[in-house]
Amino acid sequence: VAEAPTVAVLGAAGYAGAIASALLHRHPGFDLAHVTARSDAGRRLDDLHPRSRVPLELEAFDPELHGSVNAALVCYPHGASAPAVAELRDRGVKVVDLSADFRLRDRPTYQEWYGEHGAPERFGTAVYGLPELYRGALAGAGLVANPGCYPTAAILGLAPLARAGLIADVVIDAKSGASGAGREPTHATHYVSVDENLTPYKVGGHRHTPEIEQELAVLGSDTPITFTPHLVPLAQGELISAYVTPSREVSERELETLYRDAYETEPWVEVRRGPPGVLDVRETNFCAISAQRDARTGRVLVFSAIDNLWKGAASQAVQNLNLMFGRPEGEGL
Amino acid sequence: VAEAPTVAVLGAAGYAGAIASALLHRHPGFDLAHVTARSDAGRRLDDLHPRSRVPLELEAFDPELHGSVNAALVCYPHGASAPAVAELRDRGVKVVDLSADFRLRDRPTYQEWYGEHGAPERFGTAVYGLPELYRGALAGAGLVANPGCYPTAAILGLAPLARAGLIADVVIDAKSGASGAGREPTHATHYVSVDENLTPYKVGGHRHTPEIEQELAVLGSDTPITFTPHLVPLAQGELISAYVTPSREVSERELETLYRDAYETEPWVEVRRGPPGVLDVRETNFCAISAQRDARTGRVLVFSAIDNLWKGAASQAVQNLNLMFGRPEGEGL
Amino acid sequence: VAEAPTVAVLGAAGYAGAIASALLHRHPGFDLAHVTARSDAGRRLDDLHPRSRVPLELEAFDPELHGSVNAALVCYPHGASAPAVAELRDRGVKVVDLSADFRLRDRPTYQEWYGEHGAPERFGTAVYGLPELYRGALAGAGLVANPGCYPTAAILGLAPLARAGLIADVVIDAKSGASGAGREPTHATHYVSVDENLTPYKVGGHRHTPEIEQELAVLGSDTPITFTPHLVPLAQGELISAYVTPSREVSERELETLYRDAYETEPWVEVRRGPPGVLDVRETNFCAISAQRDARTGRVLVFSAIDNLWKGAASQAVQNLNLMFGRPEGEGL
Amino acid sequence: VAEAPTVAVLGAAGYAGAIASALLHRHPGFDLAHVTARSDAGRRLDDLHPRSRVPLELEAFDPELHGSVNAALVCYPHGASAPAVAELRDRGVKVVDLSADFRLRDRPTYQEWYGEHGAPERFGTAVYGLPELYRGALAGAGLVANPGCYPTAAILGLAPLARAGLIADVVIDAKSGASGAGREPTHATHYVSVDENLTPYKVGGHRHTPEIEQELAVLGSDTPITFTPHLVPLAQGELISAYVTPSREVSERELETLYRDAYETEPWVEVRRGPPGVLDVRETNFCAISAQRDARTGRVLVFSAIDNLWKGAASQAVQNLNLMFGRPEGEGL
C-alpha cells in the first residue's frame, strides 16, 4: 500500500467533498494525502464533519503542493472548478471534477446555461463519468466530469427506453433533499424553511436540464424534456419520477426485458418490481429503478432513486477513480 | 346562539374528524353536540387529540341519538360511510360526507374502483362539495360529498385550463404528508418508515383518479389523466405538480389572465407568481396556485398546494356546512 | 375600531416578529400600523412570511414615524433593542420588548452576562411580562420585558414549588426546536445540521440562566440552577424537564394540590396528569405542565411545554399588550 | 472462509435484527446461515428491509434447524427470548441475547421489573456484553446479555466517575429516536405522533433503570438514579445528558484525565471536548462522550451519544460475537 496513488480532495469542506474524503481515507487502493478548503483552511476535517472521521487538516489550495499528487477530486462550485482543474491537468494529475464545468460538450449550450467557461482550452476534453454508460472510456481518462445528481438518476432511469428509441416525450418530476443545495447556509436551507415544507424550485430553468438532454441524445433520444425539481424535507436522497409518452405501444413484458437486459450485470443498479424509496439507497452507491406501464394511458412510468451525495456525487466519483486507476470498480464503496 | 343548529361529527377520532370537531366547537354559528368514534368511544376527544381542545366524550354511534341533530359531518372510511349517511338522511339530518362514497356520479365507474355501494338508493344524490365550482348548488344541498384531498388541489389547479378547453393531456405528480394515510398505525406510517424517505405509492391505481377525471370532464376536459401520488416526510401538506400539454399554444399573459379571472373573487384561492410551498397553507383553508409556461417545451406547469387535512378535508367540510346553512362562507375557519 | 390603538412591530422579519404581526393584524382591539425590518425593508411581510398573511410593506425604522404609534412590540436582538426602546418610550409609546435587554433587574448580573447596557437610564424600569406572575403590575406598565422562551416554561413549571419553598436544588434539562436560534441562516441551523441530530449547546453558559434564577428568587427560591439547553429537530416547540430535589419530603397529593391551586384559574396554563408533548401546545399561547414524584428517589419531576415562538415570544407579547391596554387578556390569541 | 462459524439471527425482521443480519452477512469471519421471524416468515429480508441487502428468506424458528449453528443472535422482545436462548444453549450454541432477559443478575430486582423469568435455571449465567467493561470475560462466554441502549450510553458515560467514587447523586435525562420503540406499528410511533413532537415517556418507571444501577454499583456507585427518557423526532440516535452531583469538588483537569485514562485505548469510545451530537455517531459502533464541570454549581455534566440500533444493539452484538470467537474486535463493523 506504500505505493498506492496519492489523492487530494479539493473543496473537502462541502458535503460531497467530505464524504469523498471519508471514502478515500478508508480506501485500500488510494492514499488520501491532502484535503483543501477555502474558508475553513486550518481546521481539521473531522472537526467540521465528525462523521467523516478523517483526521487531516484542511489546507488552502496550493497548485504546487496539490499538483504533486497522482489524482484529485475537485468539489468546487461550477465556474470555480475549471481553472483549478486546468492547473492540475497541466501538472499531469488525473482529475475527477464534481462540478458542472466539464459535463456539457456543446459550447453554445454551455454558454447559454452557464456563461463563459473558465478553461476554454480544455472544454470538451472530459469523459462523462457515468460508468454504466462510459465504462470503457473511463479506464483511460485523464479528466472525468462527474455527473450531476439529477442527471445520474434520470439518465440511468431512462437509458433503456432512450436506447430503444421509445421516448416520444418525457416529463421528469424530481425531488431532492436539502443537502443538494450545498453546505452554505441560506434562508432556503434553514431548518425552519425546509421542515414540514415541500416546494418546486428553479421551475423551467434548472441547469441539469441540458445535461440530461445531452446524454439522452447520445443514447438516441433528442426530444426536449420538461424537468422540475422539488425540495423535500430530508437531508440526503433523490427521486426521479419520469413520465414517458412512448413512441409506440409498450407492454409490461417488454419493459421488464429492456430493464433486465440493460442492468442485470450492473453491480450498482437495482431494478425493482415496485417503486423504490430513497431510504433504500441512502448512503450507498446504488441506483434503484422501477419501470411500469400505466394501463389507463399507455404511458411508461419510471422511478429512479439515488443518494444525491453518494451515487449522485461522492461515491460515483470514487467509482470513477477506481476505473481510471484500474482498481476493482466497487472498491472502497 | 342558543338556537344555533346542532352538529354531530361521526368518526371524530381520526385526523380530519378531530380537526373538524375543533373548528365546530369554536364556531359561532353551530353547536357541536356530539362526537363519535368506534374503538375510542368513552374517551374524551381532547385526551386523544390534545390540540383539538374539545372536552367532549366520544360516543358510540347511535342512529337515534345522532340522528336528532341538524347536521352531521361523517368522517368514516369509504364503504363504512354510506349506510350511516343513509340513516342520517332518512331522519332529515343535513350531511357532509368526508368519505369517497358519494363523490362519483357514474355507477360503473364507482363499482370499478370501489365495488358495491353501501346505500345504492342514495347513489348520485350528493352535491360535490367544492365550493369554488358548486357554490350555488351547495346552498340548498341535503347531502354534500366532500372532495378528496388530491382532487381538491388538482381540480382547483386545473379548472381554469379545463374550462378553456386547453388540456390536451396532463400528468399529475402529487406529493402528500403522512396524515393522508389516516391515523390507524401501519408499517407504512411508522415514523422510521416515513422519516428521511420518499416513495411513490399506488402507482396507476389511486382511487382519486376517477374523481379528478369526473370533475375535469364536467369542466370540459375528458382526457384520461396520469396520476401518481408520493409519500413525503411531513405530517400535513399536499402539493400537486401538473404538467399540461396544451391543446394549442398558450402565452404567459393568457395564463395569467385565465387564473386571475377564475380566482380573483375567491376568498380561499391564492394565485401566486412563483410556485407555492405547502407550509404556506398549513392549517388553513387556502389553496395556493401558480401556473406558468415552460418556455422550452410550451407545456403549462401548474402547482397547487393545500393542507390535506384542512382544505383537503376538515375545513372544506365546514366551509360546505356554512354554505348549506346560509352562514358566511368563511365563518369559523 | 377606528379608534383602536395603533401598533408598530419593530423587527417583523424575524420569526417572532412575523407571528406577532399576524396576531395583531387580525386583532379586533389594535390597529397594526407599521412593520419594520432592517435588511428586508421594502419587501412585503407576506412575501417574506406567507403564513403571516400580513400585506404590509416592511419599513426601515424611523423614530419619528414609528414613535407616533400608541404601542410597539420590539423584536430586535438583545443589545440592539435598548436604544430603540428608549427612543419610543421618550415619545410616550407603550412598549413590549421581546429582547433580553430589560429582563434582568440587577446591573452587575446584566453586565456579567451581556456587557454594557444600551440604555442605562432605563435599566430596571420594565415590568417582567409573565402575566401569571405580574398581572397586576402589567396593567399599568409603560415598558414590559417579555420573558425569554426557556424562562417562560421553566418559571411557570417551577413557580408552585418555589413559592412553597420546596426547591433545595434543581437541574433543568431544556429542549428546543430550531426556530429558537432565529431566522439568520448559520451552519448550526442548516437543515442538514439539525435534521436527525440532537445536541446540547451553550452548556453552562446560556443567558437564560440568570433570568430564571432572578424570578425563582422573587418567588422564594434562591438556589443556583443547572440549566442545559439542547437543539432538537423540530421547528417550533420547547420542553423543560426539571429535576427538583425537594427541601423536604413531598407527596403526590401535595404536588397535585399545589399545581391545581396555582393554575386552576389561569386561562393559559394547562396542568396535566401525564407529561405533555410540545405538539400539544404548538401555535398556541398555552403552557402545559405536569409534576410528579419519583418514587425511587423522592425527587419532584416537572415537565413544562410551550411553543417557543408563541407563549415563549409572540403570543405572550400580545397577551401583555392586551393587559397594558385593558383588553380581554386572551383577545386575538 | 469455508470454515467460518455459522450464525443465525433470530428475530431478524425487527430493526436491530435486520442491522445485525446485514453486518454478519458482509462479515468476513462469520457465515450468516439463517434469519428467522415470526409473522414475516417466508418473506426475504431484503424485501422487508431493503437497506440490509441480505437476500435470505426469513424462516420460522425451528430449534432443531437453528440449534445446529455455531452462534446465534437473539433479537426477541424480553420474555420471549429466555426460552429460545435456553434451547440454543442446550444444543451448545453460543448466544448473544439482545433482549433484557439475562441482563439483570439479581432475581428479586428482575421480578420486580419484569415478572417471572422464562428460563430460571439459566438466570444469572450471562456475561454483560459491554466490551469496554467486560472484555476479558466475554472472550470465554457462552451466553452474552447485550446491554440496553440507554444503559450502554449511560454506563460508558458515567463509568470513569463511578470507578473514582465521585457520584454522590445523578440525574439522567435521556433522549432517543423512534426506532427505540421497535418496528411494531403503534399510535405512539405513527409519523404524525412523533413528527414535530417531543415527549417524556415511562417517567419513573423505565426498565433500563435497574440495569444502569446494577452496572454503576459494580463500578462502585450504588446511589439510586433518576432516569427519564424522552422520545425525539429522529429515527436513530440517542443522547444521555447526565447531571452528577460529585461526592467532592472535581476540577476540569481532573475530569479530563479521568476520561482520557479510561478511554484512550478504547477503539469505540470517542472522548470529546464539546458535547457530541447524535448524528456524529449515526450508523457506527462509536460512543461519543464529553464531560465538563458546571462552574456555577460544581456539578459534573456528562453527555454520551450512540446510535441506539448500532452501539446500542446490533453492532455491539457483533462486537461481542467477535470477542466470543476470538476475532478482531472491530471486524465487520
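Order as written gives the chain letters A, B, C and D; numbering starts at 1 within each chain.
Following the convention adopted for this analysis, a residue touches a chain if its C-beta (ideal position, glycine included) is under 8 Å from a C-beta of that chain, and two chains touch if they have at least 3 such contacts.
In this text the structure is predicted, and so the values were computed from the model without any measurement.
> Strictly by the touch rule at the top, which chains does subunit A share as contacts with subunit B?
Chains that touch both subunit A and subunit B, as defined above, are C, D.
> Once you count every C-beta pair in contact for both, which comes out on top, B-C or A-C?
A-C
> Nearest whole angstrom, what separates the Cα centre of subunit B from the Cα centre of subunit C?
About 37 Å separates the centre of subunit B from that of subunit C.
> Need the CA-centroid distance for the pair subunit C / subunit D, whole Å please.
39
> Round to the nearest whole Å and give the separation of the Cα centres of subunit A and subunit C.
So the centroids are 46 Å from each other.
> Hunt down the residues of subunit D that sit against at least two other chains at once, touch-wise.
Expected reply: 195-196, 233-235, 276-277, 279, 282.
> Please output the residues of subunit D touching subunit A within their complex, sorted ascending.
50-51, 195-196, 276-277, 279-280, 282-284, 288
> Touching residues of subunit C toward subunit A in the complex: what are they?
Its residues touching subunit A are 15, 178-179, 183, 185-187, 189-196, 233-235.
> Using the touch definition up top, name the residues of subunit D that touch subunit C in the complex.
For this pair, the touching residues of subunit D are 169, 171, 173, 175, 177, 195-201, 203-204, 209, 224-226, 228, 230, 232-237, 239, 241, 243, 245, 275-279, 282, 292, 294-297, 299, 301, 303, 305.
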